[in-house]
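Okay, here's the structure, questions in a sec.
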Amino acid sequence: MSAAIRGVVPPVVTPLTEDRELDRESLERSLERMLDAGVHGLFALGSSGEVVFSTDARRDEILSATVQAVAGRVPVLAGVIDMQTERVIEHTRRAADLGADAVVATAPFYALGGEREMEEHFRAIAASTELPVYAYDIPVCVHRKLGVELLVRLGAEGVIAGVKDSSGDDVSFRQLVIRNREEDAGLALLTGHEVVVDGAYLAGADGSVPGLGNVDPAGYVRQWDAAQRGDWQAVSEEQDRLTRLMRIAAADVTATGFGAGVGSFKTALRELGVFTTNQMPRPVAAQGEEAARRVREILTAEGMLGA
Amino acid sequence: MSAAIRGVVPPVVTPLTEDRELDRESLERSLERMLDAGVHGLFALGSSGEVVFSTDARRDEILSATVQAVAGRVPVLAGVIDMQTERVIEHTRRAADLGADAVVATAPFYALGGEREMEEHFRAIAASTELPVYAYDIPVCVHRKLGVELLVRLGAEGVIAGVKDSSGDDVSFRQLVIRNREEDAGLALLTGHEVVVDGAYLAGADGSVPGLGNVDPAGYVRQWDAAQRGDWQAVSEEQDRLTRLMRIAAADVTATGFGAGVGSFKTALRELGVFTTNQMPRPVAAQGEEAARRVREILTAEGMLGA
Amino acid sequence: MSAAIRGVVPPVVTPLTEDRELDRESLERSLERMLDAGVHGLFALGSSGEVVFSTDARRDEILSATVQAVAGRVPVLAGVIDMQTERVIEHTRRAADLGADAVVATAPFYALGGEREMEEHFRAIAASTELPVYAYDIPVCVHRKLGVELLVRLGAEGVIAGVKDSSGDDVSFRQLVIRNREEDAGLALLTGHEVVVDGAYLAGADGSVPGLGNVDPAGYVRQWDAAQRGDWQAVSEEQDRLTRLMRIAAADVTATGFGAGVGSFKTALRELGVFTTNQMPRPVAAQGEEAARRVREILTAEGMLGA
Amino acid sequence: MSAAIRGVVPPVVTPLTEDRELDRESLERSLERMLDAGVHGLFALGSSGEVVFSTDARRDEILSATVQAVAGRVPVLAGVIDMQTERVIEHTRRAADLGADAVVATAPFYALGGEREMEEHFRAIAASTELPVYAYDIPVCVHRKLGVELLVRLGAEGVIAGVKDSSGDDVSFRQLVIRNREEDAGLALLTGHEVVVDGAYLAGADGSVPGLGNVDPAGYVRQWDAAQRGDWQAVSEEQDRLTRLMRIAAADVTATGFGAGVGSFKTALRELGVFTTNQMPRPVAAQGEEAARRVREILTAEGMLGA
């Protein structure tokens, strides 16, 4: 298993053309921009990367384009998100074939189950691959929380290499950091909550997976660097700025959930000249001109667009 | 669009061999037993049919075996359950190719969204196929409830042909029955809650989709026939018996959710000589001997097994 | 313990004057109207009776006025709803002093707990009083479900006399009816869901506690009588009418929850000449003229107001 | 309105005698211990202070004993927690009479409502008193989240003086800190999550309300002092220790919720010689010897008890 991933690892937002094909040029532009900013890894096919909106062919296309563009400069993690074990194992095999450096899997979902099924799920995935497996804790999507003791046990046994925590449960994350250290479980612990990265770093997180890092990768890298040198005042001030920037997610008052959040990232990236369109996958509508106006205002207020 | 489906339409439980291959012989035996009992339709690849545990190849295998075995004697509905629109459309195309008579789709899930996305989702699915589309309302799995007005509107416009209601919300179902009639929306309204079918029929449901109907198809058919002739006392007494039989779902005290419910259907079908094994798909464990003993007790108490 | 309560037992809606005093005349008019219609009991200080909006003095005032007006013609149940045991016991003592025939208590709420605390709660209440205790199962308010086995055990031991089920879980209610019979637990099982009373009666419920019964007590009594004589067609048709009438709860599009539901009952009762105002307790706003217009339309459509 | 409260403000745990009377001596001992440690305020009748388990007489007894013992050395905040407005106003009046320096109120609960009712609730409370009103955001108990914009608006208008955030939603808290500053709303923002206080301070919280601060007030004061001088490494290390100490909340494996958390604080305080018993209010059971043994182990491991 490769060395643990540390630092800023944005979940790559997927640009589409107007007719909903993969916009490979925009993708390459965005990846290059994040690499230039100094990100430490890239997470393709995450929730923000519209993995669950994609056919298998589209998943392959996105991952393959990402791996080729990144060309080994940083590790590429691949989301293998699906409902239950057999499909996740299929995606894992494809990810390995296409050159991913690690895979990221959630707890099983849709069918109801308990911790026994969660554990068996991760064990079966890990047994099927040579790649490091990251557990993606995202109860808002899968409606199940990965327990601290389960994660630490799977880490100590080498089943999983790390955790992407998007649980919104900072109390549990705090315990996870400490238990990981106590048990020497070796988990790379990454937070997925882009507006509270400062607290996660202070608590001992190994990195972050900020969706907003597609829009402002340099900000998140500055914040990481400040944390590395112990300048917590700077870490927190950068967070304040990024938290204000995150208000783009409320720009489209007609949208909810994915259409509001990832929709606003796409709108911002279009306004910044990185993406060509802000098209969204079916059944989600692209943001309109009113939302785009608000996004521009926020980008301007935070110094990312000329006034 | 074909005529609306009425009556008892069991969601077909999928038998596996010990090494988790499709057990085609057991499947055919079970289908034949349900057809003999007089069921009015069969729903392949439903939640109970382990659709979300299946690869695409396995989905094809199950549906194709079912369609061939049924051979047109009753309509076969096919579950096309997946996270978002594009994948559901892929499954819908396969279902049509393999000879299904209708498809059954849930609201989109995993990614967060609102009613706008639900509506667009069903419209896109319907636009992609000639087959009738049934909306599957199952918030316990997708964590979203399909609204009465949305369903009635989609019905009136011919987007959907019916609803399989597994919402557990009998208040909403009651309103749906009345609104469907008032708006002449033409929806076939089927309840998925096997222990309260009597109330649903009295309220005006067009049929039921009882998982327990795999175990006791004759009971559900008797109940339907009693309802058709207005013998409500018999409808309710049959329900009492079926509700007691449903206690097999609590037989495995070590299991939760799918492993407890569908697991017990498989155990019962094995004890009844219909299935060869009670094997479950990964990551779910098959029920053990202790659970099987309890299942036999319940089957015996309800007169389905000799003492 | 007095004989079990059977039949229609409306939860009494509390009329207020414009300055939010108890409108005793309207209350007496409403009680008399329900008694004239033939209701079999009355439930004062229920959720619809604004018990949680009332000071202790107001609780006493409402219960005392109700007991005096009813004057023994039917049993009066008194809600003793509060957060934890000691306060519920205080309310129980007051209810006994003021002449209630039974008390109705929910599971403890606000502080988190488990089944152990629920059981001890009901045992402590019962130990404190000679009055029969009814368990009020209302997870939408207390965020906890009373388990079937707990209720049956408490019934068999004589701790509780019955259950008012407002759980919205018809599957669980169905099991409760059967288990109560099997264990001879003697619980009076009343449903609180006014739009699915037909199914509950068919399943074997001993009665109903319909908030809408304040508006149309005669309808619910007709329905009960039809059920007693086994005329299920009539039971269901009456339910259809009552379910349409229940749409008054959606008349105020600016309101949610209590303000929408009980607010519309008050508006309807004012339009019917029973209440003098539709005033609501703080912090809830009374419904406005637009909502009242819609309520009148619905009352007219269902034949309760002249066109 | 008095100056805003800053620093460490433990919610005072209430000691009981074996027969569930207020143990005034233990209470005074505990208050004195917290004052000696340098806490900046004390919050009586909070959730941890068993406010919802208390009769009105008991509430008065607790608050009055606390105010007298504290004797003006630090501000005393009083919980006025109850279901709806009228009762909260009654408690507020009593709190003022008994000498509290501020009151703390949650959103209304039990009856369903929306933001309109929440806003009116806080306005009515504030209009009824001269005391500063703190909003207590605790969705785990009241099942409603106070919105950032509502809080900031009520702060800017002087309706509320601060917020005790026990929402578990660090993303929302981060936005609240920034919006409070941007709008100059003047809210004192206190976090109630004892294991993530470090992140909250770094984000700009004005203080903390740690239940665990009853057990280790000196630790929380040291942490606050470190934050004041910008020594974030020390803030975080102290948090690590306190987070490990918080494991006492899992010591009683037979308990859940309040009985597990506050139960363990009482057990720890007894083991530390501060409380005489670890008795709990009905319907909650006191922790047994097995739990006490685990609590002692944890206290010993963290250096609070001699080995």
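Per-chain numbering from 1; labels A, B, C and D assigned in written order.
Methods note: a residue touches a chain if its C-beta (ideal position, glycine included) is under 8 Å from a C-beta of that chain, and two chains touch if they have at least 3 such contacts.
What you see is a predicted model; the values in this text were computed from it and never measured.
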| item | value |
| --- | --- |
| Number of steps on the shortest touching-chain route linking chain B and chain D | 2 |
| Taking each chain's C-alpha mean as its centre, the one farthest from chain D | B |
| Chain A and chain C: spacing of chain centres that average the CA atoms, whole Å | 49 |
| Rounded Å distance, chain A centre to chain B centre (Cα mean) | 36 |
| Per-residue multi-chain contacts in chain D, two or more chains | none |
| Residues of chain C touching chain D in the complex | 47, 50, 52-56, 58, 81-87, 90, 108-114, 116-121, 124, 140-143, 254-259, 281-285 |
| Residues of chain B defined as touching chain C within the complex | 168-171, 174-175, 178, 193, 195-196, 198-200, 202-204, 230, 232-233, 235-236, 239-240, 243-244 |
